[in-house]
Structure formats: C-alpha cells, structure tokens
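Shared chain: subunit A. Partners: subunit B in the first complex, subunit C in the second.
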Partner chain A sequence: MSICLIYFVTFLFFSVLSFLLSLNFMILDYSLMLEYEMLSINSCSIIMTILLDWMSLLFMSFVLFISSMVIYYSEEYMEGDIYLHRFIMLVSMFVLSMMLLIISPNLISILLGWDGLGLVSYCLVIYYQNIKSYNAGMITALTNRIGDVALLMAIAWMMNFGGFNYIFYIDVYKNSMEMYIIILLIMLAAMTKSAQIPFSSWLPAAMAAPTPVSSLVHSSTLVTAGVYLLIRFNFALTSNLMLILLFIGTMTMFMAGMGANFEFDLKKIIALSTLSQLGLMISILALGEYQLAFFHLLTHALFKALLFMCAGCMIHSLSNCQDIRYMGGLIKVMPLTCTYFMISNLALCGLPFLSGFYSKDLILEVLSMSYLNIYIYVIFFFSTGLTVCYTFRLIYYVLVGNFCFYSLSKINDNSKIMLQGMSGLIFLVIVGGSMLMWLMFPTPYFICLPFTMKIMALIVSFFGAWFGFELSKFTLNDSLKSFYLLNSSLFFSSMWNMPYISTFGLNYYPIKLGSKLYKTIDQGWSEYYGSQNLYSKISNTSVFLQFMFNNNYKIFMLLIMMWVIFMILYI
Partner chain B sequence: MYYKLLFFNSLMIGTLIAISSYSWMGMWMGLEINLLSMIPLISDNKNMMASEAALKYFIIQTMASTLLLFSIIMMSMKFMYQMNLITYFNLIFNTSLFIKMGAAPFHFWFPEMMEGLNWLNAIIMLTWQKLSPMVLLTYSNTTSMYLILTIMFSMMISGIMGLNQTSLRKIMAYSSINHIGWMISSIMLIEIVWFYYFIIYCIITINISIMFMKLNVFHINQLYISMNYHILLKLFFALNFMSLGGLPPFLGFFPKWLTIQTLIQSNMYSIAFIMILMTLMTLFFYLRITFSILLLSKAVLTFYTQPKINTNYIMAFNFITLLSLIFVTLMFNFL
Partner chain C sequence: MANLPTGLISHTRRVQSLYKKALRCLESWYDRREVYRYHAILMRKRFDENKDIRDLRIAKDLIAQGEEEVFQSNHWHPRKFPESPGGVAYERVVTPPDWMVDHWHPLEKAQYPTYFAKREELKKQFIEEWTKKYGKPSPIAH
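Coming up: the complex of A and B.
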C-alpha cells in the first residue's frame, strides 16, 4: 500500500467524520471548547485551546477532503519522484498546520499553525530545487514572515488582557486602544497570508511548487487562512478598518483579474484568479457578511482545487509545458479532463447552478442591496466581468482551436489515478454550492432589486465572455490587441509592478548601501586602520629592525658604552 | 668531549655561587665562572658558527661583567652618600644584568648567538643562563622607570622581530626575550611570582626545545616533514606553543595570570595593558607555527624513513606539564 493511499484513506475518513460532526453541531447549534492550561505566568495563562463548532468542522472537512483527493492524485502526478515520501509528508504537515489554525481560538496556538503553514509552504515551493523555485520560496517565506511577525506582536499586545483566547475579548475590541492595535496587526497578518495588495507578489511566484501543492496549498487552503482568521475576528473590525479592508480587497480583485488577462502561464492565470477571488472574499467580509465570505471560501476551495488538478493533468501530459500558447484543441485529445476543466471554470464564472454561482451571485446581490458608493459597485461588477473574460480567454487558448504543441506528443486521457482524484471532486464542484447554501443559511437572504440590477451580473458576464474572446483572438497575420498598448499591457501583466516593489524596491537601496559600506568600511578604512595595514606596518618594522640588528655587533656595543658613559657623566 | 662534563658542572656551580653569595664580589665571581665555563660548552671545532657564537658570547658577557664590576666598586665607595648617585650606578648595574640576560634594548647579541648553537646549548642559554642575572636583579630591585622601559622594549622588540623569523632558534630567542619582559615585571613586584614564572617558563621551553632536538629541526619548514611521522608529538608540540603563549587551559597561563594580577593590584594598569597587547604578537607567531603544522595537509613520503625516536617520556612529561594548571593553582595555596 503506497503512502499516498494511506494518507488518502486517513484524510477521507476524517473528512467524512468532521463533516458529519459539523452537520450535527449545526443542527444542535452547539460548539465545543477544550482547554488545556500549559502554564500561567504573571497571571497570564498560556492555554492550548480547541474550538469545535460547525464552522471549523466544516472547513476542516473540506480541507481534509481536498487534501485527500490531492494526495491520491499526486500518486500519479509525482510518479517516479524519489522524494515522494517527503512530498507526501510535507503535504500532511501542511494539513496538520491548517487543522491547528482552524480549530484554535487562541492566538498562540494559531501562531503554531500559522508558522507551520509558512514553513511547510516554503518547503513545498522549493520542492523542485532550482533557482526559480528558490527565489519564489524566498519571496513566499519572507512575505508570510511579515504576517508571522504581526501575529507575534499581536500576542505580545494581548498580554495586557491576561490571556490569548481572543474569542473571549472579541466584544471589547472596538472599545480599547490596545485591542485596536491588535486587530490592526491581525489584519496585517491576514493580508500577507491572503496575498492582498501590497503583498500579492508571492502568490503567482509560489506556482513554482508542484501542481498538487498549488492545488491544495496555494488555491484552496493556505491563502484562505487569512480570510478565515478575519472571519473569526470579524466582529472586532471597526468601521474604519472595514473600509480599508474593502478598498484593499477590491483593488486586489481588480488587479488580479486584470493581470490574469495578460498572463500566458497556465498556472499563473489560475493563481491570479485565486487572488481575484480572495479579494472578493475579503471585500465581502469587509462589508460585514462574514458568512458569505465563508461560503465563497468553501465553494471556491472546491472548484479551484479541481481547476488546478485539471491544469496539472494537462501540464503532465504536455511534458511540463505550462505556456497556454502551446496548448489548444485539447478538448479533442483529453475530453474528460477538459470537461472537468470546463466545469470548474464555469463554476468560477458563476454559471447558474454550479457551486460558484450560489456564493458569487449571492455576494453580488447582497452588495447591490447595500448602500455603498458607485466606485465599489462598479469595481465589483467589472471584476466579475474580468473573471469571465480571462476564463474565456483561457478556454479559447487551451480547449479550442488548433493544436499548437509538438507534432510528436503523447497526450491522452489515460492517466487513471489523476482522473479518479479529480472525479472525487467534480461531484462537489457541481452540487457543493447548493448543498452548502441549504446547510449554512436556514433562512434565505432577502434580495429585492430592480430588474436591471438583478441581471447586471449576467450582463457583465456576457460582456466579459465576449471581450475575452475578442481580445485574445489571434490569427497568423495579426498581432494581439494588447500589443497596441504595450506599456499599459506591461503594467497590468506585471501585477501593477508589485513583484518589483517587493523585491528590488525593497532591497535595492539596502544592498547598494551594503556594497558601499563593504567597499569603504569593511575593505577600506577598517582594513587601513585595522588588520591589513597594522600587519604590514608591523612586518615593515620587523624588516627594518632586522636590517638594523643584522651584524652590527660593534656598533651596538659602542652604543652600550655610550649609554654607560652618559650615565657616568651625570654623576 | 669529556671536558664538557667538567664545564657543565662548573657552569652550574658558577650560577649557584652567584645566586647564593653574600657579597657583590662573590656574585661577580660566580658570574665569571659561569661565563668561562659556558664558552667551552658552546665551542665546537667542527662548526664555525659555534665558535663565532662562543666569541660573541664571550665579548658581550665580558663587557657586561666589566660594567658589573665597575658599578659594584663604585657603589661600595665611601663618597656614595648621596642617594641619587647610587641610582646612577644602580642603573649601570641593572644594565649589565640586562646585557647578561639579554633583555630588550641590550638583546641584539642573543638571537645572533643562538643561531650558532645546537639545541642542547640553546636550552642552557634559554633557561639556566637566565637564572643568575635575574636573581641578581632581585637583589638590586628598584621599581624604576628603567625597569619599566626595559619591559616595554622587551615586549615590543620580541613581538615585532619574532614575526619575521623562520629560524626556530631565533624564534625561541625572541620568545625568551618576551618572557624576560614578563619576568622582570614580576621581579619588580613580588619575587615569588617571578619564581613560578621562571620555573614554568623553563619547563615549557625545555619541552619544546627537547622536541626540536630529538627531531633535529632548526627551521620552520623542516617541521612540516619531521612532525608528520609523529602525529601525537605534533599535537603536544602545538599545545606546548599555546602554553608558551599563555592560553588558559594550559600551564603557561598560570604565571601570566599571576603577573597580571600582581600588576593590577599594584595599580600598574597601563604597563599590564601594553604587556598583554604586545604578547599578542608573540602569540601570533607561535600560532603561525602551530596552525600551519596542524592544519596544512600533511605530506608523508613513502620511501623516506625518519629515524625512530623514543617519544614516550617526552609525551608523558608533556602531558603532565600541559595539563597541570589546576594542580599548580591548587598547590599555590600551600606554597
């Protein structure tokens, strides 16, 4: 029995278990809290806490289900890899950290899971050992490190309250200055983990990881950890912070949706789509609808995991080629994979009655119901249109058209294990949305909108699809439309220059200063006044004295006599 | 060569007379006996260098003896009722002793002469011949600026000059000059500290020099080959040099520790500071010898057979002396 199968069965079992428990807890409206006091210093107790309610159990069951499928899937995807055991172990460690994060309402135990996520995701990004992975891993780890530090500082601030169980203090967050700082730091941590705008550049870079990792870690679970943290803290967010978060979330959504339209790397397109959806979650959270954010988090995890698995299947068949310009017409050679790909893509777009529809449409309608300004409204709907736009562009490039890969290629749909792993998810991608809506919202949302606003989502989706097709259409004698505006294309495709900001922008001056200091101080003045010059002075003196002392016996004796005579003369 | 036995005995007797005599004249006489019996020990009619060394030694020591005798006579004259006159003759007296022991401004004969000696004579020169001038210095002990100047000169000259040497005998000579500086500083304050210093210095120097003698090496580059056939000896050799430099887990740290503490208790901070700082240069060339031997990849020649030497007693002795810092520290309570 292979290691993949062992972990697949284990995770699947626990997934089903926690799903059933979640249903039970939901029906009973019950939550369970286990506390184990480790030690108590200075009337500040350090407690390991486990909080089991329907939310954590449901999220846990989804994470476990997706990870079980991904592990099953990676048996074939990672086939022949000599470090497969390490890979599976790392993924399991990741799941474990995620569990710790989900079930703990305590900042210290959250930090345990949080740091575990950062470390394991670093290890997974650098799994393929090359320079690109190394750089990607470094930017991932360091960006997440900011969040870790913010969380640590929040822990330090929480010592004022004599305990780290934030769940008890959530009511006083809005009244106290210290708690304001804490929630600010928590927000910062969540923003780094969920790759919101100043920290976005790591998410596309992290696509250097193996595709199953991207599927599990960088689409459905790790990046949603920040959203989950904010969901747990949502009562504490003051209205100012909500507005900041809303602005950042919408900007991220727009930026990522725009960037995905210019990207040619298959995995990066999906990564940017993930980023866009994260922005959506954050912004609906910032509107106060934390349940909707959680709902979208779960459905998004399902279809995005499947999307990545399909992409991995294609990459696997196309001998590790990720560039969508080499693909095309894959529907003819890999029909089942492409069907899954299409389903999850359409779920992402929010095609009615697929899982994405229930969450996304609800979010948009709740937004339309609310009384926010026109900017927020426009950017929400524009980003929805962009989602459909890049999805149809992707479909245009990958699924239909001419086959653009090498003439000699072995592309088929025979990868049985991968398809089985994907098939495990497809059911949930289709019915997950409606199922979750029935579960989570016993009383449906009341939506009352004029007809045009009601169908606005549909209209922008149609326009998005049309533009996505038109803008990416390319023929032999005509260049891409985006080449007419080369500078703005470059700007949008490079995520509004964010990768430069978080790499060269940060370290350019320190490194320059370091080189200057190294040249002037380390190799310059401190050598001049320190070791080298001192050494050369001493050895020159030594050479000089050697010359003086060499065979001048008579002179030295004369000098001694002169010294004695000099002394006698004084008497 | 049996005459060497005779002269070796008279060498010992001369020193003993010098250090145990009640009168200045007796001391002078002991020094003369010591000098005159050292000359035949050095001289070797097959080696011109040895003869040259003997001559150099004779000339310089005679001059020193002359000065010594001169200052003794002048000091004992009746018109020496003024203290400051005594001070001047005391300076001449000290000068002569410094020449005899080879302290720094009067050291120039010492390394040159050492270059002509074999290792056995070098051991005598480095250790036993230092004894009588130092004991005499304790008798004319004045904490004067002159002594301090000599200490500083010894420190600087030994450190700077030793850096440029490849001859092991010269390195040992400069190392001895450095230790003379330390010993003079201990003479200046507490004689018992000098006593410990001298004994421990002699032990370490004899250990090192016996190894050189057994392996028959005179220059640094010879060490690379000779030491490789005796790996354990190499280790002990290196540790001995660290001990000589005064690194803490070894015996050589003990006298330096005492001296530094004595100096600080007498509020002589700056001289202690200068001594420690200048000894670092000495330590540098010790470590340069040992590290290059220990760390450079060794070349063992297949068809070259080093004459087998018995290193057991050297090792045993080294082992005891290197690691006896704790015991010496304990013993210090009872002495």
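Coming up: the complex of A and C.
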C-alpha cells in the first residue's frame, strides 16, 4: 500500500467524522471546550485548550477532505519523484498545523499552528530545487515572518489580560485600548497570511511549488487562515478598522483581477484569482458579515482546489509547460479534465446553482443592501466583472482555439488516478454551495432590492465574459492594444509594481547604507587604523631594518677598526 | 565577468541574433500562429530591405536602432520553453551525483554493508578496465 493511499484513507475518515460532528453541533447549537493540563509546577499550570464548535469542525472537515483528495492525486502527479515520501510528510505536517490553528481558542497554540504553516509552506515552495523556487520561497517566508512577529507581539500584549485565551476576553474588553492594539496586530498578521495589498507579491511567486501544493496550500487552506483568524476575532474589530480593512480588501480584489487579465502563466492566473477572492472575503468580513465570509471561504476552497488540480493535469500532460500561449484546443484532447475545469471556472464566476453562486451572489446582494459609498459599490461590481473577464480569457486560451503545442505531444486524458482525485471534488463543487446554504443559514437572508440592482451582478458578468473573449482574440489586422499601452500593461501585469516594492523597494536603502558603511568603515577608518596602516608601518620598519642588516658587515668592520684604534691610543 | 565579450562578434552574427531576438519577441506578443507568421514575414521584409547596404556606418547605426527597438518592445512575460533557462521547470529536479555516496559518514555507510562492499569492488573493477583501455594516468605536474 502506497504512502499516498494511507494518508488519503486517514484524512478522508477524519473528514467524514468531523463533518458529521459539525452537523450534530450545528443542530444542537453546541460548542465544546476541552482543557487539558499538560504541566503543573508550583501552582503554575500549562493548559492546552481546544475549541470545537460547528465552525471549526466544518472548516476542519473541508481541509481534511481537500487534502485527502490532493494526496490521492499526488500519487500520479508526483510519480517517479525521488522525494515523494518527504513531499507527503510535508503535506501532512501542513494539515496538522492547520488543524492546530483551527481548533485553538488560545493565541499561543494559534502561533504554533501559524508558524507551522509558514515553515511547511516554505519547505513546499522550495521543493523543486531551482533558483526560481528558492527566490519564491524566500519572499514567501519573509513576508509571512512579518505576520508571525505581529502575532508574537499580540501574544506579548495579551499579558495585560493575564491569559492567552483570547476567546474569554474578546467580548468583555472589546472597547479597551489593549484589545485595540491586539486586533491591530492580528489584522496585520491576517493581511500577510491572506496576501492583502502591501504583502500580495508572495502568493503568485509561491506558484513555484508543485501543483498539488498550490491546490491545497496556496488556494484553499493556508491563505484562508488569515481570514479564519479575522472571523474568530471579528467581534473586536472597531468601525474604523473595518473601514481600513474594507479599503484594503477591495483594492486587493481589484488589483488581482486586473493582474490576472494580463498574466500568461496558467498557475499565476489562478493564484491571482485566489487573491481576488481573498479580497472579497476580507471586504465582506469588514462589512460585518462574518458568516458570509466563512461561507465563501468554504465554497471557494472547493472550486479553487479543483481548478488547480485540473491545471496540474494539463501542465502534467504538456510536460511542465505552464504558459497559456502554448495551450489551446485542449477540449478535444482532454475532454473530462476540461469539463471539470469549466465547471470550477463557472463556479468561480458564480453561475447559478453551482457552489460559487450561493456565496458570491449573496455577498453582492448584501453589499447592495448596505449603506455605503459609490466607490465600494463600483469596485465590487467591477471586480466581479473582472473575475468573469479573466475566466473567459482563460477558457479562450486553454480550451478552445487552435492547438498551439508541439505537434509531437502526448496529451491525453489517461491519468486515471488524477482524474479520480478530481472526481472526488466535483460533486461538492456542484452541490456544495446549496448544501452549505441550507446548513449554515436556516433562516434565509432578507434581500429587498430594485430590479436593476438585482440584475447588476448578471449584467457585469455578461459584460465581463464578452470583454474577456473579445480582448483575447485578435485577427491579422488588429493592432495590439497591450503593446501600444505598454506602460499601463506593465503596471497592471506586475500587480501595481508590488513585487518591486517588496524586493528592490525594501532592499534599496539598507543595501545603500551597507555600501556606505563598507566604504567608510570597512575600507576606510578600520583600514587606516587597522590592517593597511599597520601593515605599512611594519613594512617600513622592516625595510629600515633590512637596510641596517645589509650594512651589518660594514658596521662590524668599522667597529673592529674603531676598537683597534681605541686600543692603540690607550695602551 | 560573465558579461564580458569573449570574442569578436561579426556584423553578420549581430544581424542574425537581432533577427532571432525580434522573432522571439513577436512570438511572445502574437500568440496565434497565423498572426505570428504574418508579423514574422513583415519583420523579414524589414531586414531584407536593408540587406544590400554596403556602408558599415549606416549598417551599424541600423543595428543599434534595431536592438533598441527590441529592448523597448520586450514582452513583460516572454514565452519560454519550460526546460530552457528562464523557464518554469529549468533545473527543477536535481539528481544527486553518484560520487555523493562516497562522502557518506562511515557510520552511515556501515548501515548498508553489502552495498558498499559491492560498490568498492565495482570501483576497483572500473579503474582496472579504465587503465587497461587508456593506460595509467600521467602524474600531475603541479
């Protein structure tokens, strides 16, 4: 029995178990808090606390389910890899860290899970050992490090309350200064993990990892850890912080949507789409609807994991080629993969009755109902249009059109294990949204909107689809808009120059300072007082001594003569 | 050091590499094959128009202009073959070389006694065969 199969069965079993438990807890409206005393010395006890409620159990069951499918899928995707065992171990360590994060009502055990996620994600990004992966891993680890530090500072600040179980203090102290600082730090941590705007550049870079990892870690689970943390802390968010969060979330959503329209790497397009959906989750959370954010988090995890798995299947058949300009017409050669790809893409767009529709449409309608300015409204709907736009661009490039790969290729739909792994998810991608809707919202949301506002989502989606198709196809005599507007294309394709901010932008001044210090201290004063000057003094002295030594015989003879003269004169 | 020119590059070679760069650039911009072919032919025409220029001053000037044009119109995401330098899968899988095993710690080696005994034997055999075929290696001078 292969290692993949063992982990698949284990994770699937626990997934079903926690799903059934979550249903039970949901019906009974029941939360369970377990306290386990690990150590007690001199009346100082260390207690591990575990919180089990429907939210944590449901999230856990989804994470376990997706990871079981991804591990099953990896058996064929990573076939022949000499480090397969290490890979599977890393993935299962990732799942364990995620579990620790989900069930902790305690900031210290959250930090353990959080740091575990960061570390394992770094190890998975550098799994392939080329320079690109190393660079991507470095930017991933360092960006996440900022969040870890923020979380550590929040833990230190929790000392004001005398304990680390935030869940006891969040309601009581929510208007205090201490809680304000804690939530600020938590917000910073969540922004790094969920790749919100100043910290966005690591997510597309992390696509250097193998595709099953992208499917599990960088689309459905790890990046939603930040959103999950904010959902847990959402009662402590003040209105000002919520507005800041709303602004950041909407900007991320817009930036990622624009970026995806200019990207040509299949995995990076999907990563940017993940970023856009994360922005959506953060923004709806900032509007106070944490349940909707959680709902979208779960449905998004499903269809995005499947989308990545399909992309992985295509990349695998196209012998590691990820550029969508090499693809085209794949529907003829890999029909089942393309069907799955299409379904998850349409779920992402929010096609009625697929899983994305229930969460996304509800979010848009709740947003339309709320009392907000025109900027938020426009940017939300524009970003929804952009999602449909890049999805249709992707469909145009990958599924239809001419076949653009080498004529001698082995593209086919014979990857049985990978297809089985994907088939496990497809059912939930189709019915997951409606199922969760019935489970999570027993009382329906009351939506009352004028007709034009109600169909606005449909209109932007329609225009998005049309633009996506029109912009990507061109004929012989069309002039290239992206070439004639090269500067703006460069701006949008580089995520608003964000990778430069987090690389050269950060490095510039420290490196400049370093060069100045090197010139003035290392090569300047310390040379003057230390090595060079000392060297020249010693060498001058030794030259003098050498000169003296060369005259040694002369001096000796002279001394003898002087002695003889002395003797003659005085004897 | 790597960027230093290691030899004289003839004019013909500069033209040829410019032409190749221009075609690669066009390939990145125009992703449908027939459209690319159309633009590649137009590019060929631009090169052919100047092929009979005998005055090297003008020809050099043209090349400088062409290189500048290629640089300015570079694609932000140029097409790269996955296994070529700059591609996504370039040097992705590193297979450790066989001699790595010789550097194992003796304790590690002791865990696989039969393998290492056979390995030493095979090494001796290989050296013997090599000396039989090529003769003894000359002693190193330095």
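The rule is simple: the second predicted complex is superposed on the first by the 514 of 571 C-alpha atoms of A that agree within 3 Å, B and C clash if a C-alpha of one lies under 4 Å from a C-alpha of the other, contacts with A are read in each partner's own complex, and residues count from 1 in each chain.
Basically, a residue touches a chain if its C-beta (ideal position, glycine included) is under 8 Å from a C-beta of that chain, and two chains touch if they have at least 3 such contacts.
None of the values given here were measured: they were computed from a predicted structure.
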item: Touching partner for A:V564 - first (subunit B), second (subunit C), both, neither; value: first
item: Which of subunit B and subunit C A:T541 touches, first, second, both or neither; value: first
item: Touched partner set for A:N552, first subunit B, second subunit C, both or neither; value: first
item: Which superposed partner A:I511 touches (first subunit B, second subunit C, both, neither); value: neither
item: Which superposed partner A:F262 touches (first subunit B, second subunit C, both, neither); value: second
item: Which partner reaches more residues of subunit A (counting touched residues only), subunit B or subunit C; value: C
item: Contacts of A:L20 with subunit B and subunit C, given as first, second, both or neither; value: neither
item: Partner chain in contact with A:Q322 - subunit B first, subunit C second, else both or neither; value: second
item: Residues of subunit A at both interfaces, subunit B in one complex, subunit C in the other; value: none
item: Residues of subunit A that touch subunit B when the two form their complex; value: 538-539, 541-543, 545-546, 549, 551-553, 556-557, 560-561, 563-564, 567-568, 570-571
item: Contact footprint of subunit A on subunit C as seen in their complex; value: 28-35, 38, 73, 76-77, 79-83, 88-95
item: Of subunit A, residues touching subunit C in the complex; value: 81-82, 128-133, 208, 262-265, 319-323, 325-326, 397, 401-402, 404, 474-476, 480, 483, 486, 489-490, 493-494
item: Residues of subunit B that touch subunit A when the two form their complex; value: 56, 59-60, 63, 67, 85, 88-89, 91-92, 95, 99, 106, 108-109, 111-112, 157, 159-161, 163-164, 281
